[in-house]
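Labels run A, B, C, D, E and F following the written order; every chain starts at residue 1.
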Amino acid sequence: MERRIQAMTWKDFERFKDAAVIVPIGSTEQHGPHLPLSVDAIISTGLAEMIAEKINGIVAPTIHYGYKSAPLSGGGPIFPGTIDLNGITLMSLVKDVLEEFIRDGMKKILVVNGHYENEAFILEAIDLLSRQYPDVKFVEASWWDQISEEAMAKVFDKVEFPGWALEHAAIAETSLTLYFAPELVHMDRLVEDGVKEVLTYHVYPAPKEIVPETGLLATARTSSAEKGKLLAEDITKNYVKVALKEF
Amino acid sequence: MERRIQAMTWKDFERFKDAAVIVPIGSTEQHGPHLPLSVDAIISTGLAEMIAEKINGIVAPTIHYGYKSAPLSGGGPIFPGTIDLNGITLMSLVKDVLEEFIRDGMKKILVVNGHYENEAFILEAIDLLSRQYPDVKFVEASWWDQISEEAMAKVFDKVEFPGWALEHAAIAETSLTLYFAPELVHMDRLVEDGVKEVLTYHVYPAPKEIVPETGLLATARTSSAEKGKLLAEDITKNYVKVALKEF
Amino acid sequence: MERRIQAMTWKDFERFKDAAVIVPIGSTEQHGPHLPLSVDAIISTGLAEMIAEKINGIVAPTIHYGYKSAPLSGGGPIFPGTIDLNGITLMSLVKDVLEEFIRDGMKKILVVNGHYENEAFILEAIDLLSRQYPDVKFVEASWWDQISEEAMAKVFDKVEFPGWALEHAAIAETSLTLYFAPELVHMDRLVEDGVKEVLTYHVYPAPKEIVPETGLLATARTSSAEKGKLLAEDITKNYVKVALKEF
Amino acid sequence: MERRIQAMTWKDFERFKDAAVIVPIGSTEQHGPHLPLSVDAIISTGLAEMIAEKINGIVAPTIHYGYKSAPLSGGGPIFPGTIDLNGITLMSLVKDVLEEFIRDGMKKILVVNGHYENEAFILEAIDLLSRQYPDVKFVEASWWDQISEEAMAKVFDKVEFPGWALEHAAIAETSLTLYFAPELVHMDRLVEDGVKEVLTYHVYPAPKEIVPETGLLATARTSSAEKGKLLAEDITKNYVKVALKEF
Amino acid sequence: MERRIQAMTWKDFERFKDAAVIVPIGSTEQHGPHLPLSVDAIISTGLAEMIAEKINGIVAPTIHYGYKSAPLSGGGPIFPGTIDLNGITLMSLVKDVLEEFIRDGMKKILVVNGHYENEAFILEAIDLLSRQYPDVKFVEASWWDQISEEAMAKVFDKVEFPGWALEHAAIAETSLTLYFAPELVHMDRLVEDGVKEVLTYHVYPAPKEIVPETGLLATARTSSAEKGKLLAEDITKNYVKVALKEF
Amino acid sequence: MERRIQAMTWKDFERFKDAAVIVPIGSTEQHGPHLPLSVDAIISTGLAEMIAEKINGIVAPTIHYGYKSAPLSGGGPIFPGTIDLNGITLMSLVKDVLEEFIRDGMKKILVVNGHYENEAFILEAIDLLSRQYPDVKFVEASWWDQISEEAMAKVFDKVEFPGWALEHAAIAETSLTLYFAPELVHMDRLVEDGVKEVLTYHVYPAPKEIVPETGLLATARTSSAEKGKLLAEDITKNYVKVALKEF
């Protein structure tokens, strides 16, 4: 059954009026020498489609451009190919898209965020809408916050978890991309690299040396499609639990 | 060779620094009972990839949400599933995305527009950028303006061309979608319908009867994948001619 | 009877609370060597006053500054004396003015547009207001869309109609200005000129050679005050028809 | 010699590239039972044309809509026919118009303000431009600040000057309108009225009783076209003095 | 009894739900060689606390940054240490803060303004809110407008009152700061200085010589803590009168 | 030596032209039954002044209003007394203030953030400025990120550290407020309370039961002025280390 809004006719869409609409938001951002720029969009879209199956929801066209990747958690403007939106633009974009679903009568909205830096601006857009539409239920959740402890233990079986700030283009993202879009992953280009010192502050202009030349903040070694599948299913299960509770 | 930026690593992207970047912009808008909501995105993306091949360019992630579809040329807010952006939002979105490519050093930008109502806001974004970056060359062109007279004659062989305002979800769009994404076209759901009287003005709130209940503004009869191919190749040829002249 | 709001006292105005308010919007833009910069304002104002007489409406102070004239349909920033607003500014200006009439209790608003490039931004302003004030009826119409086929045949009796994109400072505008403000037309400075090749796309920065040095996109030969009168009456008749139908 | 930009062709305009451009800004606001809504525009336009003659300057199309008339100095939203702009809109409008003249190469800009409440927003627009264009000289001056003591004594010969806050639709404005547009003044409708108590603060929502029912804040008795002429010439002389000093 | 919101717990605050909230707004602006940059904040805060005592109100955290100090009434950007907000920023700031009190259920809001140039932007913020919340009563008043004639006579006993435009860092502000924050006043650094010629217009860029090198627009001689006390009590009495009348 | 800008004259300020300017940003937000609404401002101001002493810097007037406190980390709009800014407003406010220091010639800016939710909007403001002023060095750092492991061990000696999301009005903030403003802390009102279940997602409208009725997210037991001193000195040491490295 087709659950992607972009693939539906308007009459197909109309049948889902009472369903939850799931909006995946990614980014276009450097993800090391082995992963495509759209990793955050690929993962949030893939998860959104899995969640939709379980809760009879539908999936909005993915927002492919996200907020500026911070120097400390992605490399930001230092790397070519990172195409960012300003904060106001992302806020307006999310606000307009969500409001249109509300104007079409939808009352349950789930935003699946795949890019850490997006979150504050997505939440601001939702807060402004929520004041206007108090009878709509909005849930926003980043996928890494939905992983169970059991799954974490299995994924970081040989490599220690470096914290989410550094888990960029590393084991979790590489495994999930190997699961959702294996043809776009170049494991042969993978190198061992990582951030040497984690700064406790933000500095502008960002010194180039903050991020390793490869763009890898932590090792992606031990990534696999199996781990990706395990993560995807674990994360989906937890999103579904949230959706069933809140909607 | 991979030309879609979303599928490239940042190092792949870096190799195209001197190339033209092609930005397809669509919409999420009703397109009658037989076509998917994302027709405008599908067509502009498909064309962008064909053009990229010919001019050694690269293709940015498609902008899937466009400006409000006008009641008279698409049905606008009357139909469920039409997910529009406000004018300011589209302007900011296009401006930010294009500016990021410029900050990455790119000097040749081609916007392939697939939704009529987008154009004024895209041009405003480009005008504001052009004042700031006078050494960058921007070309914006809607696909229907690139069709040759010969192709028009072949496509509208049995049905009279109703004018582009009404050519919504009709022969040209149906044929192009049959070519680019046949699995999303439901020719069996096609009905004969069309606008009875074309208004010479805009009225708000839009009366429901302005657009036929099906959302079809003109007939899609005689559409075919062959006509879609013919159109796609003709349009591509003309975009390439423009690109070669301007870049 | 005074129908221009600017010439009324507030007590005069108050008597028209149930009337339609007509808002003429023009521009300050090059119109060749023989026409004044305010042609678009002169024509929309002149028509607005004629329409007001017929529908017992009143006419708001003219908006003299419009959106950027596009290189392809007016010459834009290439010519001195073209004084444009940014898109957001025009939208805010139109929105504020119309909203004030609504706050004064008026429920019928007719915008008479005299500058092609204004239209998308006027419509955006109206769309945003219409969501807020669903009981107000807004009509927006550009004057060239209201000309009957009969009038066109008489006006383009010797010269072929070049399409509205090129009908800039040409026969229709020259004739209408000869009718509304003959003292501002310099027929003696008129030269034969015109666009050689019509581009099917927009390019920035605009190459100077896109528009002839005179600023004339098509011939103004055969223009006359009589043709202007004929056009003005024909257009007024059609605006009145629209107003009677919609208000 | 034609000095109104709206009446010039672009070639006429071009000849004034080194001249000062004078921008009159008014409002559409209640001015009692005897004066038209556009008094502020009429006076600032009339003065601008007189100044232009003396300094070989040119006059931009008048901005007819101004900032919200305050309850205490005009009656604001209490009276029908007062059509105000929001602060941001007026700022953007003034900024865009002035910037266009700068882009056309002009370096001397004089804003003639005819509506008290406009001033803060005009100055903000100018301040923002001035940071961007440090080589442009901007002068902004409200006409009432340019009256000499001698002229004041002659104008307020029988009636005591009530202060500018109350001089709304009173002797100075009535006399100037009698001079610039006598056909729009209805001296026969004049009544004796005025504000009883001047508040030292602003209160919202504005209580209706703040302003007399007629909209008159002070008497207009003893107004005359002769006083208008005297004022106009005195004010012009002082504007010219400023212009000669600053440009 | 604690009346400063910043010093209260949320439960303390809750007890004042039906009280008036008083919002002091100042600036960070040069005030001559003897007064601190925050004079406007010190005075408006001091007065707000005195008023709160009398009307059982509470005092919001002071807004320390204000709108641009004009060259003619403070010296503006010419002096280091003047830290200004753009007009839109001050409007948004005031609007957000006031709206939050309204969302907490408060219906009586008094803004105590301590910086002349703030007023237009504060009023715009209030006007926009007032349209949305018609049942809230807003009063805005600058402190210098609340001084009685008797107090003025006593304060300007030996020095002639120069008008409020020049009373910057002069007798009234110096006396009030001597009363509210004597430890921040350096009477030993005081010099005799003042504006020689008052301009009747605004000019940008502001010529340095408009304001004396010291930043003093008029003499501060004869200032004293006693005069400050007298002023503070007189002003408070008049604010209280206004509050009792309007709330 | 006076290091608070608000207490300096403009000549005092001028002497620090080459110094670092430190900008403390707080919030007005519920902090349980025992702490004042301005805890975040008190702590960031206190630390800013300590840092200024060590690096010969100066301290800007504190920004007392911050971004919306999220339901999950502070209780947000559920509690009276929380006075938040919209995201755009905080961005504009920070941007304007910082830009003014830059215009005064300062090249070293340190933002001391005391409210978690502020960070994304502060960084956006800085990013936009940094593009415009590449020769200015900006450092932004939240105080909790500057605590050493040793200090953490001493502060959380008897109570387990609950994570920073829940450390709201708990041991660290209570101890620091006991150190900086003991007169505003009501230890007698302290109760034992805390969040039962930490949500892994954001939901709007925020259900009241997300946050305990007291507003306490974790225990404040074992807080003391000594711990506050220890924390303040430890944090200051680390800020100073950062400043010495980056400036």
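Keep in mind that, in the parts below, a residue touches a chain if its C-beta (ideal position, glycine included) is under 8 Å from a C-beta of that chain, and two chains touch if they have at least 3 such contacts.
Predicted, not measured: the structure shown is a model, and the values here were computed from it.
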Via touching chains, chain B connects to chain E in a minimum step count of 3
Selected from E-F, A-B or A-F, interface repeating D-E by over half of its contact pairs:
A-F
Per the centroid of Cα atoms for each chain, what is the distance between chain B and chain C, given in Å?
29
Measuring from the mean C-alpha position of chain B to the mean C-alpha position of chain D, what distance in angstrom results?
48
Please output the residue numbers of chain D that touch at least 2 other chains, ranges allowed.
86, 88
Have a look at which chains touch which and call the overall pattern line, ring, star, complete or other.
ring
The chain A residues in contact with chain F across the complex are 68, 70, 86-88, 91, 117, 119-121, 123-124, 126-130, 134, 137-141, 145-146, 200-205, 238, 242, 246
Report the residues of chain A in contact with chain B in the complex, numbered from low to high.
5-11, 13-14, 17, 28, 30-38, 41, 60-65, 77, 79-86, 88-89, 92-93, 95-97, 100-101, 103-105, 184, 186, 189, 215
